[in-house]
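Once you scroll down, you'll see the structures, which are given as structure tokens.
Below are two complexes that have subunit A in common, paired first with subunit B and then with subunit C.
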Partner chain A sequence: MAGQIETCDVAVIGGGPAGLAAALGARRAGAGTVVLIERDRTLGGILNQCVHDGFGLFLYKETISGPEYAERLSEDVARESVKVETGAMVLDLAADRLLRVNSRQGYRLIRAGAVVLAMGCRERTREMIEIPGTRPAGIFTAGSAQNLVNLQNLRLGREAVILGSGDIGLIMARRLTFEGVAVKGVFEILPWASGLERNVRQCLMDFAIPLELGSTVVEIRGRDRVESVVVAKVDGALAPVAGTERVIPCDTLLLSVGLIPENELSKRAGIELSPLTGGAVVDETLMTSVEGIFSCGNVLHIHDVADWASFEGFAAGERAARFAAGERAAARTVRVSAGPDVRYALPQLATAGRAGVEWSFRVTRPMRNVRIEIKGRTSGRVYARKKFARLLPSELQKIKVREAVEEDIEVGGHE
Partner chain B sequence: MAGTQSSIHDVVVIGGGVVGCAVLRELSRYDLKLLLLEKESDLAEGISKGNSGVIHAGFNVPAGSLKARTNVAGLALIYPLADELGVPHRKTGKLVVALADEDRPRLEELKAEGDRSGVPGLEIVGESEIRRLEPLARGRWALHSPHTGIISPYELTIALAECAWQNGAEVRLEAPVEGVSYDGGLFRLATPRGVFSARRVVNSAGLFSDEVARLAGIDDYRIFPYRGEYLITDKDCGLRLGMPVYPVPSRDDPGLGIHITPTLEGNIIIGPSAEPVGDKRDAASTRQVMARLKAEAARLMPGLGRTSFIHSYTGLRPKLVDPRGGDRFGDFIVEESAVRPGWVNLVGIESPGLTAAPAIAGMVAAMIGTGLDLRERPDFVPERPRRDRFAAAGDAERAARVSRDADWGEMVCRCEHVTRAEVTAALRNPFGARTMDAVKRRTRCGMGRCQGGFCTPRIVEILQDEGVPVERITKRGGGSRLFYGRLKG
Partner chain C sequence: MSERAVFDRLTCVLCPVGCELEVAKDAAGEIQVQGNQCDKGLPFAVEEVLRPRRNLATSVPLRGTAARMVSVRLTRPVPREMLFPILEEIAKLRPEAPVRRGQVLIADVLGTGADVIATRSVTEGVKP
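Up next is the complex of A and B:
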């Protein structure tokens, strides 16, 4: 086996909303052989466990469920004669675009003309946020819980507390309520909800589930199974305030405390990562610091809506196909940084002189009547300006520069 | 298990920690009918899973003590033993660092103590040698111990038991000894899984060894639990620690001080604290200690304070020293009871018990041998059943395995690269340990940075395929169920 290395034009790693779109984008841009590698048994990624409505508004102009969204994209992929491999996991990626892939069909090496990273993200855990206490059964990350409930039909507990107001946590609060679990409350350490407003409304308020902002779980109790959690208010530095502790009896704790782009393979390939996004540093073609390796979707940065991950996927796939066909980019000399009230702007690099580049960004705090500006770092010139009545950290926003930029720029907010 | 109730065992070992399993494996060399009783749902569920995993050289304990003698003897035995059993380990060496000149005399005391005990190769080194030995450490002076090493304590425990099992020993899990009677030269041990008769008993019940002895009418011991908290970094934290680095131990610290230890996989372990607690099962982590661990680790290794942690755990030490005063040093107790001949007590086996385990096992075999006729089995197999790891294999070997058995092609744990074949093999262990933690300790599933977020649903499926009903899937036995049945009937 070791002697044989298969080849393809474009290899897409991950078959969720971004990867499916990337495979389509690559084929439609003329790539001959496109391999789509998905570690789950079916295509669709996390979409498959998102049985709720609300997907596809931008891509399909109607709202459908996660599995329906996955099915539509998968059908398109099937029509485009993409070589789909499910139940296959890429274990290693080298900078020269050599992939090591394992599946029940065999362990193989694949050399790709271009690679699209679309591995998605993973959830932050109890240990990462360092909740003290015991280590009983009954602690689940919200996404794992979603899988166990929606795909395996399992009853996780009777009384649940949810820490963190990320979208999956909000959706699971509603889902558990439907299943007869008493959701005692959602606790969020920040003074604002992390998830989308519509989810706060439709998943909590409509079911009278309390959302307590500025509070967190400070201790987990129970030896075998969770017996209770201790919650407390936090101060401005997010530290628990002594004397505000409250014991809440429950047998289940769900954590929805953030997502982390899953860049293990990117690291193996030596790709430069951004500490702000947790994903690769990319240019306006979504190419990473390693030639011919592109990134899109939640592995690049955490999205609020699946559709945008797909749009990014289409673009990355197209660029990967063009790279595989021999197209090479000019030097990427424009550096983009985050200015006031902006957490990050992406892409972080751009080709000097290229016009019409669109930047994604997130703000650091909820704001009203904001002006977002893209400014030249040397000239101080404003290249683009966009007004927003409201901006929330939970939303991924976009701003486009029509003209060509030749200097380093900054994306900043002005309230 | 009606059949086993009437049969008589030559030796019953109580407690499936590293010491109990080492005793079982040592005794399995001989033509004896052996049984190990463990109260938990798996082996190594107590002290043996919550420590630093360090093979100690033996300079931290007073020369002449049983701790020192079994440690130094154990040091010579444990490396070949780990090789024989195929348990991953590494002789890393170790540094005890003094950050200031005034701490140097303490290093010299440690060295002198170690020299007296016959610890090999100890030397005091200066700044440049510290840097050469461990670029991530810092200090004015250090005691370098070249023969210290690291090993996975629970892998060693399981391997010892599997080797003993292969040589005919039985192991019963979830079998706490709740009553002991003695008549006609036989001990009768009552457990929820039956009553077992034994000619000899080895009490290796760790934290509960005092209580188990009391069941047999031996009221000689009192165990004081001391809690030790740990943090573990991500393998990708950017810091590659080559060897354990310890501070100069404070005279007031009931432990060895908060130190940093590499794992074989590349994580860094920080800890432990040492705090007397009232409850032998109180393995909670606390906010205060977690903060202290980070601060002290950063003193030994600048940069560690800023890294991300993927896990915390807590161990309990079975100390014989009353925290309210009295003796500062409690030695290991390895003795046959005067009031109950044939009953051997192993009490207060805390650090360096992991390293000392093979030596203690030898002592116990000698004690058993004075009463029972020990005949060596000609067919004794010193190894254990082979355990293959996908992550450790090269390309050609991986390809060959997958083509032989497709289960090697199905990835279950994305962080540690564990396949379905390994999970299935772990679940089919000879002792019937089929909890989530049993899979974790045998395969590393769930030990990576996602902490089981990805593999838990997959392992839950495999457990059901292996015949475990949903309601009986637990984290670690007892009441630690994961689910309350199925939704919608």
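Up next is the complex of A and C:
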């Protein structure tokens, strides 16, 4: 019987790189009781299965692996007397910040002064991209394959094809090669790789794994187990070109075709989501459209580097602590939109008159010698300008406005 | 003159600028690098082309716990051709729990100067 309602200053949902940092940020900003709720048995989230190095360059000033990053951040959390609940799942979140939690102690109700959403994301699946063919065993998303290989010591197959050139797919191409699986190729529907440049080099080129751009898997064959896939070139509209089909024998297909912020709880709380990011619409304090609920990390928008998810977590945690202590923001009247060649800019809202706001953005296509500008929608005035020798859709970038903005603005690119 | 034979194009990964480097050999066989905007680009490109170094990460099963794995990596990058020989050494490992993060599992693996270390601590679930 869940009669009693427990209370806390800040509740953080999710214990990955963003949530751990949010709990720390909240404590360091003076929140008394901070509860960190994690569904898995251990903290760290996806970091635990990312055994490769390249993490921590910005947060710890050295390059370490995912598990080390998770452990160090968890140790910091332990020192700050955060109330950590692992093996606990938030079933429902209401707009008045009441959490219904299924925990090791059973079903409980927790009322939070402020909530930080840090639930991360999940992978797009075969069904979501509608690959025709049979439904045999041997089809994995890249992240679940990573879990099976790195944490459960399973061998996935003998010969693999990877669809999509997201970072996890590239990392898994190398990982499978190390495990003795022949990786026959990575097929990417777009004319450019969607993962980071260094991963293309270190994970594919190092092992002579072919990367075929502008091509995709059009059919999966095999009765019980994958026996082959059919790949084909695509045209400018990304439609397969008849006559270019090729059969590639393999017993395993990995999908690295995008990530989706996991916002089921946000929807239950009535939080406004952005169709461009798949995450919440937030202001410069990372507060969502529901007062006192903040968002950070991959549940807000997909990051390419864990460190940036953590930095966003620190900021969200600090703001949540300040909200729980009674601080209220002024009306958020500045609307921010994406201009030419920019897929999205975040935050989508800002407080009029606030100076020093930093925007994250992604471009829609690879570009060279680009000027990114933040421009007033009515005055046409340029508030910030930053030059980039090269911009890639795979890289999340930042631009800061030093002065105060009073009108709606647009973040756009000029090549 | 097209005496220069470009044999590699690569993106410098030392900083976020990401200079696109073109590595070529001139008629005398000397290596030339173009496209670097700072001094660090030159040695980076030369090493990357002549003797690329890489780190290596994998995971190994752990004795003394219920089907737990421990992830491992090298303390520093090694010449790329050493990756598979080192993987064979790591495959022989069956460390016993508990292990702590940073614990050396193989010192100076195959004389490369790099150690194989555990990258997570496993204490929970250890049989007494």
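Here are some notes:
As a convention for this text, the second predicted complex is superposed on the first by the 415 of 415 C-alpha atoms of A that agree within 3 Å, B and C clash if a C-alpha of one lies under 4 Å from a C-alpha of the other, contacts with A are read in each partner's own complex, and residues count from 1 in each chain.
Just so it is clear, contacts are C-beta pairs under 8 Å (C-beta built on N, C-alpha and C of every residue); 3 or more make two chains touch, one makes a residue touch a chain.
Predicted model only: the values in this text are computed from it and were never measured.
By the document's definition of touching, both partners, subunit B and subunit C, reach A:Asn153.
In the superposition on chain A, contact of A:Glu197 is made with subunit C only, not with subunit B. Contacts of A:Arg108 after superposition: subunit B is touched, whereas subunit C is not reached. Using the contact criterion defined above for the overlaid structures, shared-chain residue A:Glu71 touches subunit C, although it does not reach subunit B.
By the touch criterion defined above, A:Asn48 reaches subunit C but does not reach subunit B.
Of the two partner chains placed by the overlay, neither subunit B nor subunit C lies in contact with A:Gly19.
With both structures placed on the common chain, the touch criterion links A:Gly297 to neither subunit B nor subunit C. Of the two partner chains, subunit C is the only one touched by A:Arg390; subunit B is not.
Applying the stated contact rule after C-alpha superposition, one finds that A:Arg100 touches subunit B and leaves subunit C untouched.
In the superposition on chain A, the chain among subunit B and subunit C reaching more residues of subunit A is B. Subunit A residues 151-153 lie at the interface with subunit B in one structure and with subunit C in the other.
On the subunit C side of its complex with subunit A, the touching residues are 10-11, 13, 17-20, 52, 54-59, 61, 67, 69, 71-73, 80, 83, 87, 101, 119-121.
Subunit A meets subunit C in the complex at residues 48, 51-53, 63-68, 70-71, 150-153, 175, 178, 197-198, 201-202, 206, 389-390. If you check the complex, the residues on subunit A that touch subunit B are 1-2, 39, 87, 89, 91, 100, 102-109, 122-123, 125-128, 130, 132-138, 140-141, 143-144, 147-149, 151-158, 179, 218-219, 221, 223-225, 240, 264, 267.
The residues of subunit B lying in touch with subunit A in their complex are 236, 281, 283-287, 290, 308-313, 390, 395-396, 398-403, 406-411, 414-415, 417, 419, 436, 449-454, 456-457, 460-461, 470, 474-476, 478-488.
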